[in-house]
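Which chain is which? They are A, B and C, in the order written, and residues in each are numbered from 1.
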Amino acid sequence: MTWLAWRQLRFQALAAYVAVVAAAVVLAVTGKRIVALAEPAGAIFDRLTASDRTLFWSGLIVMAVLPALLGAFWGAPLVARELEHGTHRLVWVQSVTRMRWFGVKVGLTVLGAALAVSALTWAVTRWANPLDGATSATHGGFPSRLTPVSFAMRGIVPVSYAVFALALGITLGIVLRRSVPAMALTLLLYVAVQVAVPLWVRPHLAAPVDQSVTISRATLDGISSSGPGGPLTVSAHRADRGDWILSNRTVDASGRVAALPSWLSTCLPGPGAEAPPVSGQTRVPAPVNSLDSCFARLASEGYRQEIVYQPADRFWTLQWRESGLYLGLAAVVGGVGLWWLRERVS
Amino acid sequence: MIDFWLDTKSGLSPYLQLAQQVRHALRLGVLREGDQLPTVKDVVATLAINPNTVLKAYRELEHQGLVSARPGVGTFVTRSLVDGSFAAQATLRKDLQRWLAKARLAGLDEESIEALFASTFRDEQGVVA
Amino acid sequence: MTAVLRTNGLGKRYRRRWALSDCTLSIPEGRVTGLVGPNGAGKTTLLNLAVGMLKPTAGTVEVCGGPPAVAAAALARVGFVAQETPTYAGLTVAEHLRLGARLNPGWDDVVATSRIARLGLDPKQKAGRLSGGQRAQLALTLGLAKRPELLILDEPVSSLDPLARREFLQVLMEAVGEQELSVVLSSHVVSDLERVCDHLVVLVDSGVRVEGDVETLLDTHHRLTGLRRDSRSLPADQTVVSDRHTDRQSTFVVRTESPILDPAWSVSRLGLEDLVLTYMEQAAAPEAAQALEVVR
């Protein structure tokens, strides 16, 4: 049975592993340079070339897309293709039970996928380690690894995503009995889950921390307004920039959520000064002097910024818990597929 | 060695057809005493019929005392049908020709003659069996 | 006589419709059994239930003494060639044999390779490139080389040309002669079955109409033609299967163990095709006839 499972899987496996090896080679070669760039003190971000930055973002995209592709292209056709072509009527009457056939095929596929994804994740995580959360002295930066953009592509969660995507693909293939619709639906549902989890589930995987900070130059992220003359909002961070900020609200002296006082807009540098016009969402590191006095006045009036966040050191805790969540989901979905295969398929 | 063939429309069971063809061959002298009948495997390969059919035909012939099966070797003819009735056949043929002439003179056409013969033959069979 | 396939009240329902209902059969071993009936009668359903591809909605099914497909040992005893003889288009002939060898403990590689050689199939040819007849032969080789006790074939020759059909049946019959093999073979073309079957099951409209040894069935069914008579006037030991009347003449098909002695009848023997058609027509119009009996 292992021979047959391997024989059916080998081209896909070859394609995937060739891609992984190629990626690993690229990462190994460029990785050395990155490490060298990180040696001197100062913002590494500014020392990166455009191609380095492209590589960083490509790495994120590849890691985001890989589990979905595996789920759709390895998972969906696993059973669906046999059902489409009627070959299940050939292979299920050999002296191997349906369950054993399924177990070996799924086992080999999941193993192959998990290995490929772990290898790639490890390589990408290591490569991007000096770069995660790096900010420029002037403008721009990479998101920290705890933020949703990066979190899903680092550490160990991509492996659990891949297992989940495979379970999803395989089960949809069993239920729909057609490869192409199963692939499409797998991608759709996978994306839906990947959007829903960071939004509603991940923030609660560990109890978020609540803290108030004074608004000062050191903590200010930016000031924005919804329109000219409209109310101002402030976003701030802690000194440690690796946190994942969940909510950012201004509270007054009594601790209630309050709008910023209207005199603040007169305090700020207006349009035409060095800062660009304050409209929409922009991050504006304002000129030093006038701003400091504004902040001092703000603090004296009792205004503080209340931040709800997940601390940067929670990265691995959240990784493990989310992996567990996804593996649990995979087990449930896989269980449904298994039952369907046993009872409903002919 | 004889070659078998099957008439699917004859209404006669396949095994009876095979037995009949062997007897026919014996009468014509195509098969003689000591000849081997085609093996079951060969007949099956040529005709694509059930091997049990061939076995049944050969058993029927054995029952009629015409052949004998030697396990591991084959089935062999033990009796010829040539000489017994052969001489009588010439006389019988002449008698038949005379009877046919009489029937035609009486005004019977081809089909009436066949029907008359068939029904008498069947009745005779019923009496004998 | 041990039964190689036994069902009891077997039924399978899909949503509202019963594809097979109340099917009770006992097919003896060592026979080549034909399962005949029109399309949609439930033949494929019955065969799929027999090999364990489907689960029954009602009743039980047993093959070679046990429920189908429960374990490797049960699977090894039964071979199956499904409709359209599916093969893996991307695998070569040799790889198919390897599949058989790896997945079947009872695989006889000598038989398999010699058959492939005799059929003239190129082992390196991908199965997708084979003709319909060659694919059917490959599927048959896979079914035979695992040395089953029972080989089940679902309309294996319906989409083959006459020569391929004859060659397929030749190979199958040779195997029946060489191995201790029972065969159940379905078809909606009766002439295929006449040469090879010695046992018959007629399935019409999801139900078994008649079952028995071909010779016995042909010996016990008679066509009676004579002056117009009511079917009730026939003796009790003659079961009327079908009747047709004109103003002067009646034609009956009867089933009886005893000889027909009434001189008023012109008695003739039915061919297998006519016999099957009689039962199929009766099933299609049940209100016209006397009660049918499922006789074993």
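Rule of thumb we're sticking to: a residue touches a chain if its C-beta (ideal position, glycine included) is under 8 Å from a C-beta of that chain, and two chains touch if they have at least 3 such contacts.
If you're wondering where the values come from, they're calculated on a predicted model, not measured in any experiment.
Fewest steps needed to get from chain A to chain B, stepping only to touching chains, is 2. Chain pair with the larger contact count among A-C and B-C is A-C, by C-beta pairs in contact. Once CA atoms are averaged chain by chain and compared with the all-protein CA average, the nearest chain turns out to be C. If each chain is reduced to the centroid of its CA atoms, chain A and chain B end up 87 Å from each other.
Chain centres here are Cα averages; for chain A and chain C they lie 59 Å apart. The geometric centre of chain B is 31 Å away from that of chain C, both derived from CA atoms. By the touch criterion stated above, chain C contacts chain A in their complex at residues 48, 51-55, 69-73, 75-76, 78-80, 82, 84, 86-89, 91, 95, 98-100, 102-106, 139, 142, 146. For chain B in complex with chain C, the touching residues are 6, 8-9, 11, 13-14, 40-41, 44-53. Partner chain C is touched in their complex by these residues of chain A: 1, 3-4, 7, 85-87, 89-98, 100, 343, 346. Residue ranges of chain C in contact with chain B, taken from their complex: 30-32, 166, 169-170, 172-174, 176-178, 191, 194-198, 215, 218, 269, 271.
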